[in-house]
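Have a look at these structures, which come just after this line.
Two complexes come next, and they have one chain in common, subunit A, joined by subunit B in the first and subunit C in the second.
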Partner chain A sequence: MATDRPLVLPGETIDPSLIPSHPKHPLRLGPGLRHIPPSDIVPTVAGQLITNPVKNSMWVEYNSQRYIPSVGDIVLAQILRSTTDFYLCTLSQHTAPATLPHLAFESATKKTRPNLAPGQLVYARVTLANKHMDPEVECVSAATGKAEGLGPITGPGCAFDVSLGFARRLLMARSAEDGGVGVLEMLGGEEGGGLAESARTVVVVGRALQETDRAGLGMEGQRRLVKKLVREMR
Partner chain B sequence: MTATSAPEAALGVLPRADGSAKYSHAGYTVTASVNGPIEAQRRDEHAYEAHVDVIVRPAAGVGGTRERHLESILQSSLSQIILVKNFPRSLIQIVLQVEDSPENDYVNTKLVQASLNFAIMPALMQTAVLALLSAGVPMRATATATAVTIAQQDGAKRITVDPTPRDIETARSVHVLAFTSHDELLLAESEGDFTVKEWDDVYETAKAICCRSAPAKEGVAMVLDDEDASGPDMRQFLRSAAGAKVAADLHWK
Partner chain C sequence: MPREAEPSLNEKQFVTQALQENLRLDGREFDQYRPVELTFGDQHGVADVTLGKTRVLAKASAEVTVPYADRPLDGVFTIATELSPMASPAFEVNRPTETEVLLSRLLEKTVRRSGALDTESLCLVAGQKCWSVRVDVHVLSHDGNLIDASCLAVVAALRHFRKPDTSMEGGVLTVYTPAEREPVPLSWLHSPFCVTWSFFGEEADIALLDATWMEEQVRVGSCTVSLNKHGEICQIAKLGGTPVDAVVLLQCTSVALAKVKEFSELLDKRLAEDLKRRDKGGFMAELRAENDR
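Now for the complex of A and B:
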């Protein structure tokens, strides 16, 4: 494991043998890497260097707390207030607000625009992330004009802060197998068919996720945590 | 704690901060938190780069001119290694809380306010770099720092690395040097009387501690540790501290 995912620190030189080369695809650099022309590739953060020879890409896998927007990311944004043409919403605390145009919703026109109150959560995609400008998000796919799962979040719930690495693990298609997060399935499996939909359940699920993230629990630790939380809830 | 003790560090000790580190070495213990990039106040805002805000808090009392001086030195050094151009109009805040500093056994100190001195600089610098690594703030390089004193003893001059308060009291000059991971001199502050030749010696000594090239294999490192008694290998220490954090974060892989 140590050989195929070497530890890199900012400014270290990457062994040229680790850089994938592909006859057709251009080399793609992911987060945590910086290209210094003409040919230097230098890590900017501490993490594991991961390479994908098939896609001819490489990036540094690391965990952090502060979200830095990048185009194409799916994020949970909280509405701050509305202006004439767009909503201002926060992606992370103490950073400049992102803009969400009133017309960036499915089938929104100048007459029928969604009415979102401050504090409302929206599931959105980052469309503009530029270091010199405030980020911009949208709740509609520009290509199809469909929401594709994005939009205001309705129903009971709460937002819980977790680290970015943990959020990425949760977003994996098979988070239990690939990401090692089994809390949700375990909580769902208790009582043989899911927990009742109540404010209490929301808090228990949120706490279970936060605790798993903070303590870096493995599968066994998560099982113990779920047992404890369910026992407390009864 | 003796001056020769090995450095110790823990990353991510504060759950609410974006990044944090606790570091202790040569009797000093410092905890740092890093937040950023966050929105800067209007007066700190810079159109093309991030403002690096360093705050040094002493173990007791409130900071004074001495702390402001340390802050300004650290601020200019750290903005060199952080990629500040990546985050225009934003702020990267680094708070350094001194928790413990070595006591001078020869002087009976009435502790009203823990006064900071020059020799704490390497500890502050190292803690800040570790906290920045923990926060995942993009950096150009990492940095290692050390303090060196020159004392006149029995007509011969003696160079001490990681001095104790007693060493500093008896020393003719105190030097603090920091190097980036590209072996470039990042910070050189000196206090006292010294010649150019002496400074060159200090430079070589500090460079040997901060810029020892990493051994190829771990087995070799063990052998080197026994033979080499010239001081701690700061770069190897930094790497192992960061490696432990990365391994803990990516344990699920």
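Now for the complex of A and C:
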């Protein structure tokens, strides 16, 4: 693990053997790396250097406090207020609001657009994230015109705050193997013992996630935590 | 000025609904506090209270000043609270929010007006010289229930504090350094603690202890009871909100007494531990020059 994910510090020179080389694709730099012409690649943050030789890309994985929107991110936004053409919503607390056009919902026209109250949560995708500009989000895929699971979230529910790094680990396609987060699978599987859909379950899931994030639990620790939470719930 | 971030509608509904099902977001009982941590600094009079994610630091200090003209026999005792932007971006320096004003008023009523500190003992020369004791409360992290945490921190800091020893000889006042004479503790009469209840539901029939920030945003009313371990109530503050049944309030006060006894025990225990830590084994051991090589 330690060898294929080396720790880098800002300004450090990266060992050339770590930089992937691919005959066809150009090298793609992700967050936390900066290209200084002609040929230097310098990390700008401290974190784990991750490389993908297939896609010929590399980036630094780190756990920051502030969410910086980037295009394509799926986010949970909270409506602040409505203006003539768009809703203003917050992606993270105490940052500049993002805009959500009234017509950026599935089959929305001027007459059928959804009416959202301030405080309502919407599940949205970031479409515009430029520096020094307010970000823009949408609840419909521009290509297909379908919601694809995005849209306003109705009914009582809870959003649990976790760190950004943890959220990214959860989003990994194989989060248990690559990210080391298996609480959700455990709760859904045998250890969970068939949780019913209730407020109690939501609380247990939220606590499991937050505790795993806070204490940085490994797989064994997560298994113990899930057992403890399920026992408490009964 | 940045506004306080609000939880979303969905979350508000969820918290209320879960409370109807006897469920809190962090899985606690309704009358259960988050784990309370109390540590003292290296200096005398520094107390650090952690209540879940809420963290409050209180520092007591003393200086010699002139007493107020209308109270020549009393010392000066002030509590200064500061909610810095570190705790939440909604707080600004030099612009007190309602939370801050309420917090300082409640601390003032609980600790100062209840006569916990004997201010007459702070007088050095009547009408000319007295001690001015000041406690600074710094909120380092805000996750609800600032009042209880701050009150515990203030009382702990004052009980831990030592002021320099003084003597009067022939009209000359001498203040001794810690090297000359051991500093002396304040003349402390009783230890009041705050216990804050938050009320939920249409008729405020659900009462919660130690509400988190999220619960504080959803509650319909709150009530702070200050009392000491003997059950002597210093103040009850129920500032607005939905009216609460008298029977519920009575139950709240009796539970509050049990909690205050726990706080009191915790503080006594931590003070004793700190004393033991500082005790190097008597005067001779303290003067010893050799090191433990």
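One rule holds in what follows: the second predicted complex is superposed on the first by the 224 of 234 C-alpha atoms of A that agree within 3 Å, B and C clash if a C-alpha of one lies under 4 Å from a C-alpha of the other, contacts with A are read in each partner's own complex, and residues count from 1 in each chain.
Methods note: contacts are C-beta pairs under 8 Å (C-beta built on N, C-alpha and C of every residue); 3 or more make two chains touch, one makes a residue touch a chain.
From a predicted model like this one, the values you see are computed outputs, not experimental measurements.
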Contacts of A:114 with subunit B and subunit C, given as first, second, both or neither: neither
Which superposed partner A:203 touches (first subunit B, second subunit C, both, neither): second
First, second, both or neither for A:10, with subunit B first and subunit C second: first
Subunit B versus subunit C as contact partner of A:62, first or second or both or neither: first
Which of subunit B and subunit C A:135 touches, first, second, both or neither: neither
Which superposed partner A:182 touches (first subunit B, second subunit C, both, neither): neither
Contacts of A:94 with subunit B and subunit C, given as first, second, both or neither: both
Shared subunit A surface residues [contacts with subunit B and with subunit C]: 93-94
Subunit C to subunit A touching residues, read off their complex: 2, 5-18, 21, 23-27, 89-90
In the complex, subunit A residues that touch subunit C: 78, 90, 93-94, 117-121, 153-159, 198-200, 202-204, 206-207, 229, 232
Touching residues on subunit A, where the partner in the complex is subunit B: 5, 7, 9-12, 32, 34, 44-48, 61-66, 68, 93-96, 131-132, 165, 169, 179-181, 214, 216, 218
Residue ranges of subunit B in contact with subunit A within the complex: 15, 17-19, 35-39, 81, 83, 86-90, 133, 135-142, 180-182, 238-239, 242-243, 245-246, 248-253
